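Letters are used for the chains, namely A, B and C, taken in the order the chains are written, and counting of residues starts over at 1 for each.
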Amino acid sequence: MLPSVSLLDSFQASQFSVILAIYLVAITAEAMSGALVAGQRDMDIFGVAVIAFVTALGGGTIRDMVLGHYPIGWTQHPEYVYLVISAGLLTTLVARYMHHLKRVFLLLDAMGLIAFSLIGCSVALELNYPPVVVVLSGMLTGISGGILRDVLCNQVPVVFRRELYASVSLTVCLLFLGLSALDVDYNVSTAVCFATGLALRMAAIRFQWRLPVFSYQQRWED
Amino acid sequence: MLPSVSLLDSFQASQFSVILAIYLVAITAEAMSGALVAGQRDMDIFGVAVIAFVTALGGGTIRDMVLGHYPIGWTQHPEYVYLVISAGLLTTLVARYMHHLKRVFLLLDAMGLIAFSLIGCSVALELNYPPVVVVLSGMLTGISGGILRDVLCNQVPVVFRRELYASVSLTVCLLFLGLSALDVDYNVSTAVCFATGLALRMAAIRFQWRLPVFSYQQRWED
Amino acid sequence: MLPSVSLLDSFQASQFSVILAIYLVAITAEAMSGALVAGQRDMDIFGVAVIAFVTALGGGTIRDMVLGHYPIGWTQHPEYVYLVISAGLLTTLVARYMHHLKRVFLLLDAMGLIAFSLIGCSVALELNYPPVVVVLSGMLTGISGGILRDVLCNQVPVVFRRELYASVSLTVCLLFLGLSALDVDYNVSTAVCFATGLALRMAAIRFQWRLPVFSYQQRWED
């Protein structure tokens, strides 16, 4: 469940294409998971395509809108749009077999979360935003696609309640920012972030680590 | 249920004012339908005004925010704001008689969907976005007002489940883009889009054409 | 329940720092109320932090995105981010004692609503938007943080249904715009807006003033 040595090696060989490859795998995996949630709401295939799109590309869209970073990424990469919509629609055909692949999906999803977080940090860094905004940009990119998916599917976002997920994004972003401040080589820092993030996420799933829950049953707003 | 010959004629005479007139009728109709959904949630008249506004002008707002197209349309046209809020509030007075007009409303709503789609395509074309973004911009303008309305009213967006609606927008956008690429006269192409879109939407309502539904009952995310 | 003479005095002495102080108190109070709503949904502390952030800073974020006003306020003030997240997390520790402070909270919330509204109007005025957009910008700043909170907590926004709240924002915005047009001194006009807004809001809570409700039980959309 940890990144293999060959993955770490290839980062050093060619960081750019590796991050891109992980990104493409990640948006595909996110699109497929979005399609499954849409299917739980009995949506038609148009709804499936929208939810797949929003789950995969919504996080980056919200980040770019908040940071004023135009044009938004996918508008310059039509191939991403085709990829995520195809992945969403294809999912409707293969859904019945997908539970066999749940472990693979959790791994791809974790890699996506980390890739999204690092990309979000990089975008905010390039735009010279202050450190706290860099971290928030990374987290926004990592988790807000799933939040949008849940809002459109009329459920409380799972990210607010499940085992460590946003915390993985936060850890990765802080680590990345810290290593950047220390002038660590970009490839090394990226590899360290992936290794740490994947280890943390996989441990969280395995041991069901959760953040403390806040329950408040009095009515306050009305 | 199809656009009359005189409508097609007037397009050729004066495309601009006809599209504008249809747009004004459309945002009025959307505002009124928004108000009815707000009434199903027992909102007060402020809530009704907000939902009317969002249903009518929210699609264009989201499109402009995604495309980075500032200032957003209605901020330069205060009269649109007054129109949609008035229409929403007026609806609370005449709601009990509106079911007699349901057929008229479905027609106006279909015309609005097509007008919104064409306007959305045009905005993205002017900003030189690639074709897939032009189509998405048209669809975003056509359907996201209704999606916002449903999210604010705490229900799964109907557009993800009802008889052909977003598909009409998609068809119209693709047709418009295709005819533009073929250098067809703008007025002719607009008229063809309206005729095709209305025919498709009305047939979909009449014969209850729906897209295939994707049902997936296993829990995946949690 | 009305602003004391000393508050009005201090406005005249130093309008800027007073508005800023009220703003900081207001975002703290909004963050705390957001945290309580998150607790009603049994969210983990990450969810609490997000809802606190969104309730306190979401209104200004949406206003800036709609007006194309970049960079968004909190991205240039990391201290606001720390403040609202700390306030949200602290709330989980002191929640059981907070119902004793409900009256204080309602007062702080009302002051926040008015401060947000005035700030929203000022931002739109500086950007030379027309009067109706100035008023909408004030209202958007005042109420959309709470709307976002409710959407993320999967409930119909309370602002669409409770005793006069958005109407207080509307009154304050119109008053502010009217006094600006009459060239009334900024400090005087701010003080008048606070006095009027607080009086109206407190009376609305005390006497349970509500806007008329629109109930419509026929199904229309489907």
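Just so it is clear, contacts are C-beta pairs under 8 Å (C-beta built on N, C-alpha and C of every residue); 3 or more make two chains touch, one makes a residue touch a chain.
Only a predicted model underlies this, so the values are computations on that prediction, with no experimental measurement involved.
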Original post:
How would the subunit A/subunit B interface be labelled, same or different, where same requires over half of its residue numbers to be shared?
Top reply: different
Subject >> Angle of rotation relating subunit B to subunit C [CA atoms, steps of 5 degrees] >> reply: 120
**OP:** For subunit A and subunit B, let me know how many angstrom lie between their CA-based centres, rounded off.
**Re:** 31
Subject >> Contacts with 2+ other chains: residues of subunit A >> reply: 65, 151, 154
Subject >> Of subunit B, residues touching subunit A in the complex >> reply: 65-68, 129-133, 136, 147, 151, 154-157, 159-161, 166-167, 210-222
**OP:** Spell out the residues on subunit B that touch subunit C in their complex, using ranges where they run on.
**Re:** 33, 35-48, 50-51, 61, 65, 70-72, 75-76, 78, 81-82, 92, 95, 98-99, 102, 151-154, 158, 162
